[in-house]
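Chain nomenclature is as follows: A, B, C, D, E and F, assigned in order of appearance, with residue numbering initiated at 1 for each chain independently.
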Amino acid sequence: MDTGLTQAENRELEQRLQKRQVKEFMNVFGSLVDNCFTSCVDDFTSKAMSNRENGCISRCVLKSMSTQTRLGERFGELNAAMAQEMQKRM
Amino acid sequence: MSFLGFGRPQPTSAEKIAAVENELKVVAEMHSRMVKICTMKCVDKTYREGELTKGEGVCLDRCAAKFFEAHQSISEQLQKETQARGGAGGFMG
Amino acid sequence: MDTGLTQAENRELEQRLQKRQVKEFMNVFGSLVDNCFTSCVDDFTSKAMSNRENGCISRCVLKSMSTQTRLGERFGELNAAMAQEMQKRM
Amino acid sequence: MSFLGFGRPQPTSAEKIAAVENELKVVAEMHSRMVKICTMKCVDKTYREGELTKGEGVCLDRCAAKFFEAHQSISEQLQKETQARGGAGGFMG
Amino acid sequence: MDTGLTQAENRELEQRLQKRQVKEFMNVFGSLVDNCFTSCVDDFTSKAMSNRENGCISRCVLKSMSTQTRLGERFGELNAAMAQEMQKRM
Amino acid sequence: MSFLGFGRPQPTSAEKIAAVENELKVVAEMHSRMVKICTMKCVDKTYREGELTKGEGVCLDRCAAKFFEAHQSISEQLQKETQARGGAGGFMG
């Protein structure tokens, strides 16, 4: 992306983006915990996770990562196509 | 959000950085909304398998495409309606 | 509102408020997309929006704008009434 | 949130601006919570029409009034309970 | 917690934490309003809260506070246990 | 999040404060997620009583313990998977 920024500005920007990425990662992690715990844990007769619950959580994590990757690819493609479309119109 | 950057003559460093940062934030939020909605629409919540089934994968692809289409058409409609109603004032309450 | 600020402070505040308004607008827009997409799109046998879905989305946008406007008016009235009430008590 | 502004003698510019900003943020959040809840309670999700029906409109008006009433009474109750329990410490965990 | 900060840094940090606590409190308050209003108010044939609704809201606030306190205690214990566990591993 | 603090030689004041602040933010968010989920799982929404029943209280205790266990095991699994897939790049899209 041509941001029209000087090198110094780009360094500053990069630092901000790194912060943003950490924040983004925490959000993704948080939603993943929310979603997998909500979907997999429903039995409160014990305070320890059961094997069934642990298995469900583990599959949920794997599936969520695949979902994230797949939608990330689609998002990238669609975003690029949209940007191209917009440039043509201008 | 390039329509918000109406030409001030010489933006400062801070302003330019904030503009790029904001643009990327908008994209990141759109991405996370898409993930949330399409997961909800397409992925089976019982998690009997750790891999996406073929059906789920295809559903995610189509959901992503539809989400972009809807996003764009909503954005265009909102701009049109907002102009017709005379500025964002009324809509934003 | 009497903010008790100097002119310089007011200028600074105005800039912050403008940023807040942009953020607010993005939030409203985001919820609108979430809500209309969730309510209107449920068929994933195709990757293009159908006429029915497009119509639903378009009506959803209109209705959401009317809702926003109506609730904005009520909010303004109720907020003013509450502020008056509070001043009486003091 | 004026009960948070207990009188420091001379607030700096930054503090005064932050206080006003915060007050407006609180109002904005209350507004967006109200819109979300009352839309959920009152507006039909099938979107067969693009205009609010008369029933939906009246429902929104009443929902807004009730939301304010509930908001205020919850706020008062919380202050009372928090004082009775000796400060916000216990409540906030 | 040993933060490895100087006194001046600690003062700065404390101010930030106070801001965070205010923000946290607003979030808790907001969720409480959301949750109690959603659970207790469903009748929009009048614009004034009924006795039944007011009673429900008031009980909901009490129960939410107890929930907050109880989970706060558990969170503290579990967090301390986890921190100890982590130190052992290092 | 100590695995994000990989040793820059001399962190500035601002960096050290940001690190502590961030650590506490992570804990606060985990806390609020737990409250939200466990309330949803354990507390009856009709609010016929203003006190937690014995059953609700015990459910909250167990839910908290399970939430921590799940949180930790998810965190460990994510680190392992992310390493196996060669960095966070692929996962974060």
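The rule is short, and it goes like this: a residue touches a chain if its C-beta (ideal position, glycine included) is under 8 Å from a C-beta of that chain, and two chains touch if they have at least 3 such contacts.
On a predicted model such as this, the values are computed, not experimentally measured, just so you know.
Participant: Where centres are the averaged C-alpha coordinates, which chain has the largest centre distance to chain A?
Facilitator: For chain A, the chain whose C-alpha mean is farthest off is D.
Participant: Starting from the mean Cα coordinates of chain A and chain B, work out the distance between those two points in Å.
Facilitator: Using C-alpha averages as centres, the distance is 14 Å.
Participant: Distance between chain A and chain C based on Cα centroids, please, to the nearest Å.
Facilitator: 26
Participant: Which whole number of Å gives the spacing of the CA centres of chain B and chain F?
Facilitator: About 26 Å, centre to centre.
Participant: Among all residues of chain F, which ones touch two or more of the remaining chains?
Facilitator: Touching at least two other chains: 31, 61, 65, 93.
Participant: On chain C, where are the residues touching two or more other chains?
Facilitator: 24, 28, 36, 40, 58, 62, 68, 71-72, 75
Participant: Record each chain of the ring in the order reached, setting off from chain E and passing chain F first.
Facilitator: E, F, A, B, C, D
Participant: In the complex of these two chains, what residues of chain F are touching chain A?
Facilitator: Going by the criterion above, the answer is residues 1, 4, 22, 26, 29-30, 33, 37, 40-42, 58-59, 61-63, 65-67, 69-71, 73-75, 77-78, 81, 85, 88, 90-93.
Participant: So in the complex, which bits of chain B are touching chain A?
Facilitator: For chain B paired with chain A, touching residues are 13, 16-17, 20-21, 24-25, 27-28, 31-32, 34-36, 38-39, 43, 45-52, 57, 60-61, 64-65, 68, 72.
Participant: What part of chain E is in contact with chain D in the complex they form?
Facilitator: Contacts found on chain E: 21-22, 24-26, 28-30, 32-34, 36-38, 40-42, 44-49, 53-54, 57-58, 61-62, 65, 68-69, 71-73, 75-76.
Participant: In their shared complex, at which residues does chain A touch chain B?
Facilitator: Touch residues, chain A against chain B: 3-6, 8-9, 12-13, 16-17, 20, 24, 27-28, 31, 35-36, 39-40, 56, 58-60, 62-64, 66-68, 70-72, 74-75, 78-79, 82.
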